[in-house]
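What follows is one structure encoded as structure tokens, with my remarks underneath.
Lettered A, B, C and D in written order, each chain numbered from 1.
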Amino acid sequence: MQSITKLGIFTSGGDAPGMNACIRAAVRTALHAGKSVVGIYQGYQGMIEANFHEMNSRSVSNIIQLGGTILKTARCKAFHTAEGRQKAYDNIKAVGIDGLIAIGGDGTFTGAEIFSREHNIPVVCIPGTIDNDLYGSDFTLGYDTATNTVIEAIDKIRDTAASHDRLFFVEVMGRDSGCIALNAGIAGGAEAILLPEKATGIEELCNQLESAAKSKKSSTIVIVAEGEENGGAYNVAKEVKARFNFYDTKVTILGHLQRGGSPSSFDRVLASRLGFAAVRHLLSGKTRIMVGIRGNEIQTTPLEEVLNKKVFKLSEDMLEMMEVLSI
Amino acid sequence: MQSITKLGIFTSGGDAPGMNACIRAAVRTALHAGKSVVGIYQGYQGMIEANFHEMNSRSVSNIIQLGGTILKTARCKAFHTAEGRQKAYDNIKAVGIDGLIAIGGDGTFTGAEIFSREHNIPVVCIPGTIDNDLYGSDFTLGYDTATNTVIEAIDKIRDTAASHDRLFFVEVMGRDSGCIALNAGIAGGAEAILLPEKATGIEELCNQLESAAKSKKSSTIVIVAEGEENGGAYNVAKEVKARFNFYDTKVTILGHLQRGGSPSSFDRVLASRLGFAAVRHLLSGKTRIMVGIRGNEIQTTPLEEVLNKKVFKLSEDMLEMMEVLSI
Amino acid sequence: MQSITKLGIFTSGGDAPGMNACIRAAVRTALHAGKSVVGIYQGYQGMIEANFHEMNSRSVSNIIQLGGTILKTARCKAFHTAEGRQKAYDNIKAVGIDGLIAIGGDGTFTGAEIFSREHNIPVVCIPGTIDNDLYGSDFTLGYDTATNTVIEAIDKIRDTAASHDRLFFVEVMGRDSGCIALNAGIAGGAEAILLPEKATGIEELCNQLESAAKSKKSSTIVIVAEGEENGGAYNVAKEVKARFNFYDTKVTILGHLQRGGSPSSFDRVLASRLGFAAVRHLLSGKTRIMVGIRGNEIQTTPLEEVLNKKVFKLSEDMLEMMEVLSI
Amino acid sequence: MQSITKLGIFTSGGDAPGMNACIRAAVRTALHAGKSVVGIYQGYQGMIEANFHEMNSRSVSNIIQLGGTILKTARCKAFHTAEGRQKAYDNIKAVGIDGLIAIGGDGTFTGAEIFSREHNIPVVCIPGTIDNDLYGSDFTLGYDTATNTVIEAIDKIRDTAASHDRLFFVEVMGRDSGCIALNAGIAGGAEAILLPEKATGIEELCNQLESAAKSKKSSTIVIVAEGEENGGAYNVAKEVKARFNFYDTKVTILGHLQRGGSPSSFDRVLASRLGFAAVRHLLSGKTRIMVGIRGNEIQTTPLEEVLNKKVFKLSEDMLEMMEVLSI
């Protein structure tokens, strides 16, 4: 095994709060170990276009608190082809990059896994996505911040909901994962939650709302994950309104504001620990692994396992609790 | 003129942050002057249903920081009829209320004006609506808080917008008034703003976006007031996407979260001053007036004038500035 | 074992964000299981003074988002005596309370342990303290929120620190535990952190600051835990200034604002899970245990063990990382 | 009058939130008018050291939401001498700067006034200081944000204060001006406020606290402006404690966190309007004026008048109201 002398670091896929804190940690850990660091802009696209910038300790000054990613991100079709990856490899080789740190979600990891095998370049991955849907880590970067963003929105809506007799629907991110919806729903004291992982028909929802109305709740808020089966908050609101015609229904679509914002303390500490650990593992010769957190300890998982194992973070306990607490 | 001994206070129409701070100020000012105070719940509806609660100094403890209104609010059709108003009058007379403080918008004021004339009961009104669309006051309660809520959302979207090459549309409140849209757009550094007061066709918007693209802006955010002529953010996004097919467009509908949240310092101080002044004016014999703020001074305006004069708070200067600053 | 029919619930010691969310969860879980619930106000003091209020599902409406504790808290000397505890027991027996849920820190737990043995009353404890210094749970209620509060303060100070050439000292809570200081220091990108658990002399601190100055950091912030050995932020600032006389030093003492604020999503979900689990365990016949979270799973630990085992949550890894990242 | 072709812009004195939004507005307004803009770093110090950077439209991208000032600030003794100012003038002349925009407080304005007369260079000033203590503008940049920062702190302290029976002292900025203290005190529902402009002895304060205690207030918070006559929050707390020995007193010193943070919507709109207007006035031939806001209109005042007229923004009305509302 040859020792690594110059690391390339990039973010890819959807951005998530905490990516900058993670970049900062990885860059400084590498510099502290006497290595060079190259920032690769716009993920795989930037590899193909040789969009590289040498980074020093000051390049990551005063970014720990910023949302987004200073390295930008992009989705890149060309990297799906062997020619694209060859070009990417030629470019990083030309500047001497001999190890990679990749921050992103499963799309990013799939690319990293293939690229690493094909061109025999070491890569360590860091889970960065607000969806918290990756195997091998209890939490992904950005998830805690996004959930806090959602509950701030719910709290505000609760103020006005408690002043009127109205029914509110809040659509949150989560195409395949109800993690944000369930946790923000519990934390926001929602009366009902519609998840991608669990079919809840309009009929069933209406029954829940009726029983909430009977127990004289002063306000009613329904969280709708974008990927649930009824087609999103507007559709659900329309169908519910058709049944309860006395209700005044209101809809909020949070959209991409869930991806932004200054990262929470939890995400910044997690980002720092993961960035630090990822570089240490890369420098110690590891490759094709993801660093993650499990039970407050940093652990590593082979990328292959991360990509092949299904994660189901919605325990039955939580779903049962949700029901009990909304009485 | 008979001196007032028992005040009734209520909130009506859409709730707005700062209403609780205003209730607190009015209640304590009246108590301090040796008067009794009755809280009328759910506005005019509560008058008709005799939903009254005696208030003391502790009734308004620890509410200055809360969004919504502890007196609740409702829209009330029965009050539009003479019979409804008669019943309301009988109820308030039965408990000895001989003066009213009403917090709300133009619907609330219209009701107050008619009721006061019809039954010869003194009333002083306080402008409480996030829309900031009333004549006689530079600012209405809740507008400052709502605008801050919107810019926090824009700031978060900017984080992710700056990390990707995407076009974002944010729909904000304002059926007839573009006050929130214009000010939040300026404060959020938006690239374009669509207002109810000023027709901007899709063609014109696309030209603006093209010139923003040419000047290499790192992100593009368009603020869409709900009342603008193109039918809201989703429609605008769809039409723009049809023209710029390379763009990935994303939509956020803030909805009612703009009405909630802990009031800003500005709204709390304004609420305190208006509540204080309203009670003083009522006790000094004034009626059918609105208290407002003009140039940092509390001033009064006859309700009739408030209801009949058009306000246009979007100066040409601001619109011109908006254009210059988004280069 | 007799089955429990009426639970008493109280908060004691220093309040922490998330206590209300926890009260809500415990109350509703008990009601859902068909039990009665009595709120005991002001902790042990309230037991002695029979300050009890029956609670229903609406008693805990709309409190999940509130800081502080609706049950109030107090420190109580009388409960340290057998007579005091006898009186407390007589009072709770008189109203039929036959099981207790206690939310607090080690002082609260010590009282609960003695009281439960002495009077043979079942009790389940929940860790609620911002200090995160209890054995048996990775996290205590309020810690996450407090850390977020501290980093918001650090972020604001960083803005002004980066605009001037100044040295800032921020004193945070932690008499014996540096958990907030270390994590907020890492999350805030502090240049140095003084902890109760690790002696750092002024000499050593000055060396760190000198090397920070040499690497041209644009701002320098030192986090000082209140319990560290040099006597708090004012003293440290004075001594450092005496050595670096060119520096303009500024001090912030955050104090009790670290205990307030709306709980974070993490704290609300944790509070809900712990309240839910505590009642379930109490109803299933468990006593003198604490429910806690370990590796994202709810676990129980005997109170005796919680009280006797030392916890040291500052791993050497974190301390090393802190140093590496502040270059 | 010669037309201006190249503007220099700088911030000086204490930084304030909104300065970046103002820089952005001024730079873009000048560029839009076809002028060049030079950023002068670190205020007068930067003039003397020729710390200049040409600015384009992208130099001020994505800064509207940032606290602090990208142009940095410093206090500069050399500029107090004619030699220093001569050097500054030579430097700005060498790069072709023929007009200045200065953002700061009275120290900044004094320097600008002298420099402009001495070297016949046009200058327009913008009020940027959190203290809101300048004649000629109802509001200065940063004041609204700082007041919001203070009330967030008070709200958090109120949570814990309402859970315990304690007395809290919060020290806020304001050496000569009680504007933040009074307004944040009103907005935070403080029980007493100590101001620099109005002597309140410990005796009088204790009487106020006693009457608050009698009216069964659930919590007591005293706001202490740093410049009040009793020597700051620690001293006041010590003296009050000596009299009410049953009270547990707690102190928070907010310090410089009041200067940071993302500017509020109010400050960003004000900053944009003032930056826009300042450049327009400078380009139209005005000099030695300050642009300010009065009653929602932008107005100008000669610098000489700003510097010589005393401002007293604490009306007797507000002080009276404060007393009435804290019952």
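Couple of notes before you dig in:
Basically, contacts are C-beta pairs under 8 Å (C-beta built on N, C-alpha and C of every residue); 3 or more make two chains touch, one makes a residue touch a chain.
All values derive from a computational prediction rather than experimental measurement.
Listed here as common contacts of chain B and chain D: no chain. We define each chain's centre as the mean of its Cα atoms; on that basis chain A and chain B are separated by 36 Å.
One simple way to say how far apart two chains are is to compare their mean CA positions; for chain A and chain D this gives 39 Å. In whole angstrom, the spacing between the mean C-alpha positions of chain A and chain C is 28. Residue numbers of chain B whose C-beta contacts span two or more other chains: 155, 158, 162.
Taken as a contact graph, the chains are arranged in a single closed ring, with each chain touching exactly two others. Pairs of chains that satisfy the touch definition comprise A-B, A-C, B-D, C-D.
Only residues 21, 24-25, 28-29, 31-32, 57-58, 61-62, 64-65, 138, 144, 147-148, 150-151, 155, 158, 162, 183-184, 186-189, 215-219, 262, 264-266, 268-269, 272-273, 276, 294-297, 318, 321, 324-325, 327 of chain D touch chain B when the two sit together in their complex. Across the complex, chain D meets chain C through its residues 11, 14-15, 17, 66-69, 72-74, 149, 153, 155-165, 168, 250-261.
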